[in-house]
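In the two complexes that follow, chain A is the common piece, with chain B as its partner first and chain C second.
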Partner chain A sequence: MARSRVITHPLSRRQILKGGAALGLGSAAALGLRPSWANPWGQTNVYSKGVEDGPEVALAIRRESIPIAGQQARPISINGTSPGPMIRLKEGHDAVLRVTNLLDEPTSIHWHGLILPPGMDGVPGVSFPGIAPGETFTYRFPVRQNGTYWYHSHSGLQEQLGHAGPLIIDAAEREPFRYDREHVLLLTDWTFEEPTSVFRNLKTAEGYYNFQERTIADFFADVREKGVAATAEMRGMWAKMRMSSRDIADVTGSTYRYLLNGHSPEENWTALFKAGERVRLRVINGSAMSYFDVRIPGLKMTVVAADGQPVQPVPVDEFRIGVAETYDVLITPEDDSAYTLFAEAMDRSGYARATLAPREGMAAEIPERRQIADRGMEAMAAHGMEGMDHASMPGMDDAGMAGMDHSSMQGMDHSNMAGMDQADAQGMSAERGRMNANGMLAAGAAQPGSRYDQAGIGIDSGEHRMLVYRDLKAFTPWPDRREPERELELHLTGNMERYIWSFDDKKFSEVSGPLHFNKDERLRLILINDTMMEHPIHLHGMWMELENGQGELIPRKHTLNVKPGERVSALITADAEGSWAFHCHLLYHMDAGMFRVVKVS
Partner chain B sequence: MRKTLLALALGLTTTAAFAAPGHGGSQPSVSDADIDRTIRFEAGDMWFDPEGIEVEPGETIRFEVINTGNIEHEFVIGDAQAQEVHREMMQAMSGSHGDAHAGHGGHDMAEGEHGGEMPAVTIAPGETADLVWTAPRNVGRLEYACNIPGHYESGMSGKIDFQG
Partner chain C sequence: MNTRIAMTVAGVLLATVTFSVAQAEDGYDAPAGWPSPVVEHSMGMALFDRLEYAVPDKGHDELVWDFQAWYGGDVNRVYLKSEGENVQGDGESAEFESLELLYSRSVADFWELQGGIGYQGGVFSGDHAERTYGVIGLQGVVPYGIETDAAMQVSDEGDVSASVEGEYDLRLTQRFYLQPRTEISVAASQVEEFGIGKGLNSVRLGMCLGYEMTRRFAPYIGAYWQKQYGDTADLSRADGDATEDTGVVAGVKLLF
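== the complex of A and B ==
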């Protein structure tokens, strides 16, 4: 299995033994011989960066030289690997995780998606002071959930240096699916630049990493299609927003190498199976800035969990995974042949790749990369606009309009972005029937302005089946069935040119205090994305029940993707007293100010 | 409520079925004497228990299927290929997105290949359904499955092996 650089580093004997077990197939072979449901969580512990089994785990954080994608690199390592080892805990146990900081700067580990006491959440300045150089911090918490999660540094930009790893919690009871074998797939984005220099580039030269800017050839193509006037207007509009319509991601494949379990596409990390086995893939997007579209040409995937929580199974051909999200999928390869696991960056600037095969040394064809999408077309799709008719556009309001910089939006009334207020108004009247006594929508209903039936930009939904948020449906209602008592609305805001990202136009450094949740209240959080980029919004300490229209069976998540111009809502039971981080999980957006503290009291 | 369904499968392509009318444990129109044995099945989220059975050709079996899960399941008998055809049909019926189970009523027979039909019963959560089935002769192996989109893929199937 895997060419694992594990053995090239000084490791304890124990770590080498564990690494060896992870690379072997012995336990997996035994599992195949008995009914798989007899051991529904039949773990194979296959993870190329080693495994640390709970409940007691010790982790040492270092900065060291480890080659990445065949080149010299200096990532942050955890127990000698980068990304770090898989931590495996059991539901019902008390976890004891000792983290020793061998860096020359403070560090931390946040256990992403875990419900735990506020002091154990690992956010410096919010949950604890952080871990000083040379110190060991001991995290202790009861493990009260199961599923696929991950962990990462919450200090500065350390996560970009590979300070992250998978966190798998085995279920105390039978899970709602069966499988013979499992593999953990951690997606990350690696840059050979220092993260601070990436951030400086973003601050000083917006579009620095966008080599997909429109060219003069595109201009003439547009003119042929739409005529000179419309093209010029469209260009003017994007210029006024300080954006290129091809800004799908702000850090791209021009600096990133996309990695799967720490390996570049050329290294071709291989996950093994035997033909006919049902294989569970635990897919984690642990990247700093990159969304991925994941598919396995030739295989159907059945999505069975989202953010660690079981969902009613959804057969799909492909799914988009936002930064910090996790999805569990089942596959059953019937043929004794190799399949490519293809994770294409959303902006199409690169991909991560692995191979699923019955033996080492096999490879399948790598699919052709798709064309880069255009934000301009997406903005129009978002508002139900088909044609390019720019004749009459009554009543522009800036409600749905992507306000990268509101001050520069005059002149938009002749653009192609019209009629959005009308579309919203129609949505409102349709929704009115489902209001509760407080004049709020009934719990579980989708907000007008949500696009849960769309996967997002760059997906041609015609050809194959793509997972959408609307598909996610729990098996049973979550424990708190109360209607929301209160709505809290937050706008996701930003200014691309100055690389400022914020909530309600206020950077974290500008806000006077935390967002307040009343202890035990049932709250509806409404997120309105006024920007032209996706934002994966993460709440610590409490679940967000995504109101995707599935009524009592809405799914719960720790990270919600909010598409450009979209309005998304979630129900929250504010049962976790204390202070919690709430932020965009795009690392540089968080660092630029898209971060708040939530105080529950 | 108990839903009773009789299906006498004389072969894969010649199948007769009678849905017993009414509710409340109305007795099948085939007398108990015709039934060689009863197999109790549990349909959970997402599994069947038992996971596989052995039958004798020509034997008549009453399946009592209890849905102990949280969502609707079905119990369909047929060969692997016919099951797959049925599954694709149900996936297509569910549309590209949204409610995966729309349009799939409580059918009693599922379309199989070659225009044949497979004995099938749909069971709501907490309910029990009966299916009486006569094992065909000259068949190597069959499957029972739940073909609601995603359920088979999650593990809701089992093998029917023929003795002798």
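== the complex of A and C ==
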């Protein structure tokens, strides 16, 4: 069947490669079914092979039969592989990326996290009209940054079909850390269903993919643990809200196969090292809907970069990576033995896995999977549950307390200093409570209602060292040291039952115009999550400096994870004139309307 | 006359759909000819909430359906709803308790206001008395998760009746669920032809145990009790029918 499908298509892969070669594109790397950067020996900073090396790269997009997780599948491929090849550029070069659309529908590529001219950003309808079937679009932009990024389609739901790949930019100057070898680890979520069916299921049948709902058994387990009154009260509150406390992922392992570099856990993609080497892992979450918790049992990881930007080293046992985020970690395996790299989905419905080993064919133990957690008070607080007070909340954990803090802050605005006093009283340091000349919180201060010291749902604090946003600290202050002149507040909103997602209760189809940033202004963007789900919020074209309380050393990111009920803020230098996309990077949330256009002028 | 009222109501509601569809949808100022970065699509679903074979203690066996389908967007939808039964072995065709075409508008989180026209009778034969009616209702989920459908009907003869249905899913495992269900109907006037008395007509309570083989296919078994009251019960007695009955059912829930 696969064979006949290939034949019925107008161009075979070989023809395309021939054509590609004639156009001066295509490396041998494109021949394999698997991305060449998934070479077990990885890359070193001394030599490189098997990648689409810049500055001139040609990419052909098509839909074809390629087995995934051992089953027949029809993903979108880029130069014959899905996910696509790694693109390797160098800081300071002018990139020329020719993208040819061999699909029967329009497509696009967005270079996620890159600072570039607005026409080159690759969002159909915002940056350009898109790439029509049969057309080639040439992206040209100066590469002015380095680090670990990725690229993906910004057309419809194509990203779900594997239309994504890693984008690595080598630094022009020495990076603040050294390593002997590097591996790229791209996490994705694959479904054998058509993305349009997934979206329809989400829209027409709430909880369609959730097979970890609470049952009678959970109720009695809670009664044994917390008592009848506390259990009944907690369950009563959730029932009253008509919500599920197990609503942690909209699309789950019941349909997804979680892949690492395109491989299922059974296929066990292996990355090789030599004992004693320092290995840099460039971890990219290129999935459509899935957050992962990543760890390597037996190895400490040192986080050295977030979203491509260097951070001061943070030793951790595990880190949570939101959709579209990237983290670079260093590991130094001293023993001549294998390690499992384990990326567990946040809702615990599945995992992706790879093996780090000195030789091929080795495997280490796969850790025991954790149980799904129930959302607590913080998620309820997001929904503005009335009648909550601390005293009546038995069995409330730390996360719950933070949620409560948030709820008591609700409706606080910055002219309301009483609110701030309250925040101080609740343990905010004098440093963080300080005001600037504009009467706003000082640049870099953490917003009241933020929970930067928490990893989020499903993580028992104290279990081991988990990366939190508070840990992220820039190496040196970013160039724009101005205090914010203006604050822009946006609520993340939604209606789970109808699967409507929006900003300020308005879907993209309901807003009357773009969000406006004044050219060159220093802006504070405040995001308040009124839903009970995490949202990875991505701004195109400009960095967001995450105000995680690190003062002048706040880190900068392209994608911010906002937890349920949380209030986070970022400083933005609006220096990129033009129109830019701004959206939730959960693919089906974006498609359901959680999308805005930002206009800088 | 009353048919006209129903038609007018439906007309007004349909005009509202058209009106609300014609909202501005440019959230940005892109050049003409560029596509929208996010495109909304209308979609639809169809659900046999119950498609079951009922074996009552006193009456005849019946094939019973409870169907609804919708098409539309996040706010405005068109519904097709139907309930009815085919009594086995009576030589008559299926009787539609209701066959309704409704406009539905989301009025609050979890709630839809619905209105339109309905038909009661035997669609494919003259075996059953027929009437048309206008209907207005509220469908949604009340706090604590009970799915509710309350509706009021005004027939072409001006007879007013109302009904409320509620059901709740209690999850035993990820696949097994227990579903208690209730249905209460009342009427403002007697309509002998349809066996309807004034006041409280009937109460039905049921419980079923289902197994979701998939989200789209769930076989179930169940039992019910139903009782007629007042004039409605008197009309049944006059026909020689039981006014109180229990029964068992086996059926499937089908989602398309």
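Criterion: the second predicted complex is superposed on the first by the 477 of 601 C-alpha atoms of A that agree within 3 Å, B and C clash if a C-alpha of one lies under 4 Å from a C-alpha of the other, contacts with A are read in each partner's own complex, and residues count from 1 in each chain.
Everything that follows uses one rule, which is that a residue touches a chain if its C-beta (ideal position, glycine included) is under 8 Å from a C-beta of that chain, and two chains touch if they have at least 3 such contacts.
The model shown is predicted, which means the values in this text are computed figures rather than measured ones.
**Student:** Report for A:Ser512: first if it touches chain B alone, second if chain C alone, otherwise both or neither.
**Tutor:** second
**Student:** Now for A:Arg470: first (chain B), second (chain C), both, or neither, which partner does it touch?
**Tutor:** Only chain B; A:Arg470 stays clear of chain C.
**Student:** Quick check for you: in the superposed arrangement, does A:Ile169 touch first (chain B), second (chain C), both or neither?
**Tutor:** After superposing on A, A:Ile169 lies clear of both chain B and chain C.
**Student:** Have a look at where A:Pro313 lands relative to chain B and chain C in the superposition and call it first, second, both or neither.
**Tutor:** first
**Student:** Going by the contact rule stated at the top, is it chain B or chain C that touches a larger number of residues on chain A?
**Tutor:** Between chain B and chain C, C touches the greater number of residues in chain A.
**Student:** Using the superposition on chain A described above, determine whether A:His154 touches chain B (first), chain C (second), both, or neither.
**Tutor:** The answer is second: A:His154 touches chain C but not chain B.
**Student:** Classify the contacts of A:Asn495 with the two partner chains as first (chain B alone), second (chain C alone), both, or neither.
**Tutor:** Only chain C is touched by A:Asn495; chain B is not.
**Student:** With the touch criterion stated at the top, can you tell me which chain A residues are shared between the chain B interface and the chain C interface?
**Tutor:** none
**Student:** So in the complex, the part of chain A that touches chain B is made up of which residues?
**Tutor:** 35-37, 40, 174, 176-179, 278, 300, 302-304, 312-315, 330, 332, 453, 461, 465, 468, 470-471, 475-476
**Student:** Could you please specify the touching residues of chain C with respect to chain A in the complex?
**Tutor:** 23-31, 33-40, 43-45, 74, 106, 109-110, 141, 143-145, 170-174, 215, 255
**Student:** Would you tell me which residues of chain B are touching chain A in their complex?
**Tutor:** Those residues of chain B that touch chain A are 44-47, 49, 51, 69-71, 91, 96-98, 100, 149-151, 153-155.
**Student:** Quick check on the complex: what are the chain A residues that touch chain C?
**Tutor:** Those residues of chain A that touch chain C are 106, 123-126, 128-130, 154, 156, 200-201, 203-205, 208, 211-217, 236, 239-242, 495, 497-498, 500, 507-514, 579, 581, 590-591, 593, 595-597, 599.
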